[in-house]
Amino acid sequence: MQKNVVKRSKKSGLPPGTPVYIGEHRADEVKITVTTYNETTFHEKEADAIEDAPPLLDTRAIQWINVDGVHQVDIIEEIGKRFHLHALTIEDVMNTDQRPKVEDFGDYLYIVLKNLSLNDQNGAMEAEQISIVAGDDFVVTFQEDKIDAFTHIRERIKNGANREKIMKTDFLVYSLIDEIVDNYFTVIEGLGEKIELLEEELVTRPTPKIMEAIHRLKSSVFSLHKSVWPLREVINGLERDGSRFIHESTRIYIRDVYDHTIQVIDTIEIFRDMLYGMIDIYLSSISNRLNEVMKVLTIIATIFMPLTFIAGVYGMNFKNMPELAWPWGYPAVLLVMLTISLSMLFFFKRKKWL
Amino acid sequence: MQKNVVKRSKKSGLPPGTPVYIGEHRADEVKITVTTYNETTFHEKEADAIEDAPPLLDTRAIQWINVDGVHQVDIIEEIGKRFHLHALTIEDVMNTDQRPKVEDFGDYLYIVLKNLSLNDQNGAMEAEQISIVAGDDFVVTFQEDKIDAFTHIRERIKNGANREKIMKTDFLVYSLIDEIVDNYFTVIEGLGEKIELLEEELVTRPTPKIMEAIHRLKSSVFSLHKSVWPLREVINGLERDGSRFIHESTRIYIRDVYDHTIQVIDTIEIFRDMLYGMIDIYLSSISNRLNEVMKVLTIIATIFMPLTFIAGVYGMNFKNMPELAWPWGYPAVLLVMLTISLSMLFFFKRKKWL
Amino acid sequence: MQKNVVKRSKKSGLPPGTPVYIGEHRADEVKITVTTYNETTFHEKEADAIEDAPPLLDTRAIQWINVDGVHQVDIIEEIGKRFHLHALTIEDVMNTDQRPKVEDFGDYLYIVLKNLSLNDQNGAMEAEQISIVAGDDFVVTFQEDKIDAFTHIRERIKNGANREKIMKTDFLVYSLIDEIVDNYFTVIEGLGEKIELLEEELVTRPTPKIMEAIHRLKSSVFSLHKSVWPLREVINGLERDGSRFIHESTRIYIRDVYDHTIQVIDTIEIFRDMLYGMIDIYLSSISNRLNEVMKVLTIIATIFMPLTFIAGVYGMNFKNMPELAWPWGYPAVLLVMLTISLSMLFFFKRKKWL
Amino acid sequence: MQKNVVKRSKKSGLPPGTPVYIGEHRADEVKITVTTYNETTFHEKEADAIEDAPPLLDTRAIQWINVDGVHQVDIIEEIGKRFHLHALTIEDVMNTDQRPKVEDFGDYLYIVLKNLSLNDQNGAMEAEQISIVAGDDFVVTFQEDKIDAFTHIRERIKNGANREKIMKTDFLVYSLIDEIVDNYFTVIEGLGEKIELLEEELVTRPTPKIMEAIHRLKSSVFSLHKSVWPLREVINGLERDGSRFIHESTRIYIRDVYDHTIQVIDTIEIFRDMLYGMIDIYLSSISNRLNEVMKVLTIIATIFMPLTFIAGVYGMNFKNMPELAWPWGYPAVLLVMLTISLSMLFFFKRKKWL
Amino acid sequence: MQKNVVKRSKKSGLPPGTPVYIGEHRADEVKITVTTYNETTFHEKEADAIEDAPPLLDTRAIQWINVDGVHQVDIIEEIGKRFHLHALTIEDVMNTDQRPKVEDFGDYLYIVLKNLSLNDQNGAMEAEQISIVAGDDFVVTFQEDKIDAFTHIRERIKNGANREKIMKTDFLVYSLIDEIVDNYFTVIEGLGEKIELLEEELVTRPTPKIMEAIHRLKSSVFSLHKSVWPLREVINGLERDGSRFIHESTRIYIRDVYDHTIQVIDTIEIFRDMLYGMIDIYLSSISNRLNEVMKVLTIIATIFMPLTFIAGVYGMNFKNMPELAWPWGYPAVLLVMLTISLSMLFFFKRKKWL
C-alpha cells in the first residue's frame, strides 16, 4: 500500500523547477543507449554520459537516446541542456510519481507513461515511470528502472522492420507507447489468472484470508486503473493537440493504440465487478456457515435438553414416586426418550435442517 | 469467467500491423461465400479462396463476400490485398477481442460487432466477433464462428425483398447490423427467463447455490452490456461520421436500429437492478433463517433449563429436605414444572416468536 | 416481472419495416374515433375502418383520428396509407415495446409515449403504448388498450374550451402529452400511498414478506422511471427539433409540461431513496431481533447453568459429603442459588440487557 | 414523508392554465403589502385586494407588491390581470409543488424558489413556495405561508441602506434571493446540530431508534437537496438568459449568491456522507453487541457444561463406583472442577474474550 | 465534525457586502508584512496598520502585502480602501468558510484557497482560508491564522532566486498557490501513514474502535477533497479567464501546479477506496469472529450434552435398573462416554471446525 502514498515532502519549500529525485536511493549508474539510424544505416552505442553520444551529422537521420535510471541529477540535467529541455520537464522526469500526461513545449512533446509489472513474489503491482521527449529528429526516453522496456523496438529497427515508417519520430513515439500498452495486456492476463484462482478457492474453501487477498487484488486493479485511465487523455491529446508532430499516416496507428487502451479499461471494469461480486459471495458464505453451525447446536440442544430433563425428573429423591417402583418404569422411560428424539429428528428433517 | 480475460500476450513484441489469430486453435477450413446481385440478377457461390470469387463485371452490381472463420492468416491477408485493406484492418479482423467500433479508412468503412448467444449447457454468454468492411460496391463480412449469422439476409436478397434498397451497400450494412441487434433480443429473452426462474427459486427454496447462480447471471449481463454499450457509439458514429457512405434514405433506418440498441441497454439495466435486488433478498433470507433457528434454540433452552434445574434441586442428597417426604411433593413439583413451561410458551406467544 | 422482458423474437429474421403486433393476442375489434373541428364547428364519428372517416373538406379544420387497439395489421396499414406514413412508423406503432421518442419524418412528427396505470389487484405497474402522429392539419393517435385516455380532451374541444388555441395541431399534441403526464401524477400518488403503508408496517411489524414488497415497489418505480426518463428528451426534442410544427405561443406550454416531467423524475428519485432506506431499516431490524433473541437465551443460560451445576454437586453420591448432613445445608444452598441468580440479574441490568 | 408525495390529482382533467390551489385548505385571508419607493421617498401600505394598491405615478419609482398566501384564486388572478401575467404563471403561483425555476416571459421574469424551515417539534423539513415576478419597475412576490420572509429587506429599504442600488428591480430580486439562500444556512446549522447530537448518541447509546432517526434526517437532507440543487440552475439561468433584466453591476452579486448556493450543496454532501457513515457504524455496533452477547453465553456454557457433567457422573447410582467411597473423593472432585474452570478462564483470557 | 457545519447565521438579515468575521473570537492583533522588491532591491517591513506601509515609488517594483489574521474588520476595510477592493471581496476575505474560487474584478483577480494541516493531537484536518488579491503591481494575501504559510517564498525572493521571474505578479501568485499545493502533499503523507497504521491494526487486532477511527479518517479525507476539488476549477479558471494577468511564460508553471492538484485528487480517491475496503474487512472480521465464538459453543455443547444426558440416565432412581448392579457397569459407561466425545471431535475435525 505504501507505494500509493506520494513522498513529495522532500520537495516542499524548494522553488519550482528544482530537479529532485524522490524515489528510493540507488547506487547503480545511469545507463545511456544512443541509437542513430536512417533509412539505410543503423548505429547503436552505450554511453555513461551524454557527451559520449555521437553528434547527429546527417539531418535525415533520427537519434533515439534511451536513459535507464533517473536518479543522477547531473546526468539528467546535462541531457536536458543538450536538447534545450524546459526546467519543468527535467523536474518531471526525475519526479517519478507523475500522472500520465502529454505536454507540448513548442520545440518538443513531453509524454509521461507508466510501465507496469506484477511482482511474482507478493503479487503487488509495480509501476515504473517512463518519460518520452520527442523533437523533430530526436527522441529521448527516460526509464526509472534499469531493465530496458524497449529492446524489442530497437531490435525491430535494427532488422529494418518498418524502417521507412519509423524514420519519422512520431511513428517511433507511437511504437514506444504501443509497446507499453501491449505490456498492460500481459499484466491483465496475470491479474486475471490470480482472480480466477481466488474465485475457485472462494467456492471450495472460503477462509478469512480470502478477504485480504481480494482487497489486495482490488488495490492492484486500482493501481492499474490509475495508470491506464489518464493514458486515454494522453493519446487523445496526442491526436488532437500534438498535431504538429503527428503525421496523417500515423494518426490511424494512434487510434489503434487508443482502442487498445479502451479495451484495457473495459477489462479493468470487469475485474472490479468480479472482485465486488466475490466479496458478496464471501460475506454470504460466512453467513451460511454461521447458519450451519447454529443448526448443529440447535439440533443437539433440542434433542438432549428434554431427555436430560426427564432423566433429571426420575433422579429426584421424593419418597413418593410410584413410577420408580414399577418393574417396566425404566424401559418405559427409555422408550419415551427414544420417541422424543426421533420425533425431533423428524421435525428437523421436515424443516430441511438435516 | 476465463473468457473475459484477454489473451493478447501472443502478440507482445510484434510490430504493429502484424496479423495474429489470438483465439483457440481450430482445424476446420475457412468458408467463403460470394454473393453478387443487382436489381435483377442474383449469384451465389461458395469458395475456398478469394481467387475463386468471380470478378465484378457489372459496375451496377454489388458483391458481398462472407468469410466464416478468421483463423487462417493467409486467406484473410489475400482478401485484404484484393480489397486494398489497411494492415491494421487485417490485424483487427483476426484479433477477435476487439471492442465494437466503426472506423473510416477513406476507401471503406470498417465496423466491428459482437454476435452473442447463450450456451444452452452452462448458460454462459458466448461472443463471436463479426467484422464488416463496406466499400462503394462491395461488402466483406468476417465471422469468427463457422455458423453463418446472415442466412436470413441472403435469403431475403435472393427472394428480392427490398432488393431496390439493398442495391446500395449502406442498406446492406444496415441490414447486417439490424440482424445482429435483433439477435440480442433473443439473448435478452433467454436471460430474462433464467432470471425469472431464479427469482422463483429464490422465494421458494433459497440455497447457497443461488448466490453463485446470481453471480453467473450478473456476469452474463455484464458481457452483454460490454457488447451493446459501445454499439451505441458505433451506430451514432455511422450516422455522424460515415456520412459519405450513408444515404439520406438509409439514415432513418439506422436511427431505428439505434432505438433498438437503446432498448436493449434499458433492459440490461432492468436485469442488473433485478439481480442486485435478488442478492438483497437472498442475504435477508439468510438472516431470517438464522433468526428462525435461534428462536427454536432459545425457546427449547428457556423452557427446559429451569425445569432441569428444579429436577436437579430435588435430586440433591441433603439429609434434611422436608419436601421430599411430603406425600404430594412429587405431583406438586410436576405441577410447578407444567406451570413454568406453559407461562414460558405464553411469553413467547406474546413476543410473536411462535 | 415478465413484462420487463421484451418479446421481440417474433420479429427475428423478418425484413425491417414489416409490421408485426408483438403484444398478447386480442379478439376485440380496433375502434376508430374521428373528430373534425374548426373554430366554430365540431364533428365526432365512430368508425370501424378508416374509409368510413369523412374527408376533410375545409382546409381550416383539423382532423383528429384516435385508434384504440393496434393489434389488427390491416387496419393500421390502411391508416398509414391514407396519411402517407413511413413503413417504419407503421412498424413502431404496432411494436408496443417502443421507448418514448420523437422522430421528424418531414411531413409529420411521430411521437411514442407510455401511459401508465397501477393494477389495483396486484399493484403492478401497467404500461400502454400511445403513438401520436402529427401533421399540419391532422393528428392520429394510436392507443394500445381499448380504454380511451383522451376523453377529457375531446370533451374540452366539444365544449369549446381553448378552441382557438387547439386549432393548431401543435397545441392539440401538447394537450395530449399534458394529459398523459398529468396521469403520471395519479400513478405517483398511488405509489406514494403504497410506500407509506409499507413504511408504517415496517416500523410496527417487520416480517420477511416486507422485503419482497419493497422489491416489487422498487421494480414498479423502476418501470415508471423507464417511461418518464426518455420523455424528458422527447419534450426537449419537440421544442428543439420539431420547430417547424411548434409555434412560438405553444412553446411556453411545452416548457410547462417539461417542468412537470422533471417533477415526476424528482419524486421518483425520492421514492427510490425511501425504498433503499427501508431495506436498510429492515436489515437492521432483523439484526436487532437476533440480538434480542440471543439476549434472552444468554440470560436464561447464564442464570440456570450455575444453579443446575450446584444442584448437580449436591446430587453426587460421595459417601463423605459433610454438607449433606448439616441441618441448614439445604436452605443454605437455596440461599446461595438465590444470591447467584439475583447478582446475575443485577449484572444484566447494568449491561442494559434487561 | 407524506409531504414528498405530490397531490396533483386535483388537477387531472382540467385544461392547462387553469389556476387551482393544491395545498391544504386555509381559512385566513391573503395579505397584500404594497411598498413604493424611489431614491428619496418610501411608502408602505397593507391592502386586502390589489385595487387598493396606489397607482405608480412617478415612473422613476419602484413598486414591490408582496402577497402572503396563494389560496384565494380570485385575488391572485386579479393581480395577474393588473400586471398582465400569463395564465401559466398564475397557475404556477398557486400550484405550490413547483420545482425552483426561472422563466423569461418577455415582459417579466418569473422565478420560483423554496423557503425552508425546520419544524421544531418533529424536526421535519418544511418548504414554502415563493414566486417572484420581476418587471421593469415592479416586483411581485407570492409567499405560500402567512409569515413574511422579507421583513428584513423592507426594513433596509425603509432605512435607505443600498437605496440607490435597490432602485433597480434586478438588485431587489437579488436581495430577495439572497435572503432565502441566507435562510438555508440557518436550516443547515439546525440540521448539523441534530446530526452531531445523533452522532454522539450513536457512540454512547446505540438503540434501534437511532436507525429511524438517521433515516428521518436523511430524508430532511434529501428535501433540502431537492430545493437547493435546481436553485443552481435558476441563478445560472438568471445570469445567462435574463440578461435584459440583470445589469452589469448586479451580476457580481448574483455570482456571490451562486457561490453561497454551491456552499450549501457542498455541506449537504458532507451531511449525506456523515449519515451514511453513521449507518455503517450503527450496523457494525449491532454486530459487535451480538458478538459480546455470544461471548458471555459461550463462556458460561463452556465453564459450566463440563462441571455439570462431572457432577452428573458422580450422581450416577452404579453399585460399583469406588471413587464414591474414597474419603477424599469429594474434595478431589471439587478441586478438579476448580482446575477446569480456571483453565477455561485462562483460555478465554488468552483468546481476548475477557 | 463541528467544523464542517457553516456558522453563517451571524450574517442573516444583514445587507449584502457587510463584512462580518464569522470565525472564533480572537484577541491577538492582525500582523501586516509589507515586502517591496524589484530586480535589484528588496525591502521588508512589519506594520500594525496599512498606513505604515511605505508608498510604492518605483513603478517597476512589486509590493506584496501579507496580512496574518482577518478578524479585525477596520484593518481589513482600510486595506480594501487603499487597493480599491469591491465590498464583496472584503466580505469574502473575512467570511472564512468560502469555497476555493477565482474571480476577476476587472482591476484585480481575487483568489480564495484553503491551507490544510493535520492536528497532531486528535488527527483532525484543520483548514485555514487564504485569500490572494493580485493587481498589476501589487499582491495582497490574507491568512486566517497567525502562522505565516509563505516564509519560504519571502526567503527565496530575498535570496534573489527566480527574482527576474517573480518580478511579475502572476509568477508570485503562482508561487503562492504552488506553496499551498505542495503543502497538501505533506498532509497526504500524514494521512497515508495514519491509514497504514490503521490497516495494520485492523489485521492484527480488530476492535470496535477501529470503525470510529476509519470514520474519522474518512471525514478527514472528505475535508481534503472538499478543499482540493474546487482548486482544479480555480487553476483552470486562472489559465482560461485570467488571461490578462497570466503571461505566456507563466502558463506552463500553472499547468504544472494543475498536474499536482490532479495527483492529490488521485491519491484522495485511493485513500477513499482503501478506507471503504477497510470497512468491508472489518465487517467481515466481526462476522468471522462470531463464527469462531459460535463454533466453540457448539463444540462444547455437542460434546457435553449427550454425556450429561447419559450420566443423568444412570442417576435415575428406578428400582429396576439392571445396569447399575453390573460390576463393569460404571467403567462401561465411562468408555461409552469417551467414545462419544472422541467421535464428536472427529466429526468436527472433518467439518474443519477445529
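Side notes on the structure shown:
For clarity, chains are labelled A, B, C, D and E in written order, and residue numbers in each chain start from 1.
Simple rule for what comes next: a residue touches a chain if its C-beta (ideal position, glycine included) is under 8 Å from a C-beta of that chain, and two chains touch if they have at least 3 such contacts.
What you see is a predicted model, and the numbers here were worked out from it, not measured in a lab.
The chains that touch both chain B and chain C are none; no such chain exists. Minimum number of contact steps separating chain A from chain D: 2. Although chain D and chain E share one sequence, what matters here is the overlap of their interface residues, and that overlap falls short of half of the numbers used. Chain B maps onto chain D through a rotation of 145 degrees [Cα fit, steps of 5, range 0 to 180].
Averaging C-alpha coordinates per chain places the centre of chain C 26 Å away from that of chain D.
Centres computed as Cα averages put chain A at a distance of 43 Å from chain C. The multi-chain contact residues of chain A, meaning those touching 2 or more other chains, are 283, 287, 290, 294, 297, 301, 305, 308, 312, 315-317, 321. Note for the complex: chain B touches chain C at residues 152, 156, 161-162, 174-175, 178, 182-183, 185-186, 188-189, 192-193, 195-196, 199, 203, 252-253, 255-256, 259, 262-263, 266-267, 270, 273-274, 277, 280-281, 283-285, 287-288, 290-291, 294-295, 297-298, 301-302, 305-306, 308-309, 312-313, 315-321, 353. On chain A, the positions that touch chain E within their shared complex are 1-2, 4-9, 11-13, 15-16, 86, 88, 92, 97-99, 101, 103, 105, 208, 211-212, 215, 218-219, 222, 226, 279, 282-283, 286-287, 289-290, 293-294, 296-297, 300-301, 304-305, 307-308, 311-312, 314-317, 321, 323-330, 333-334.
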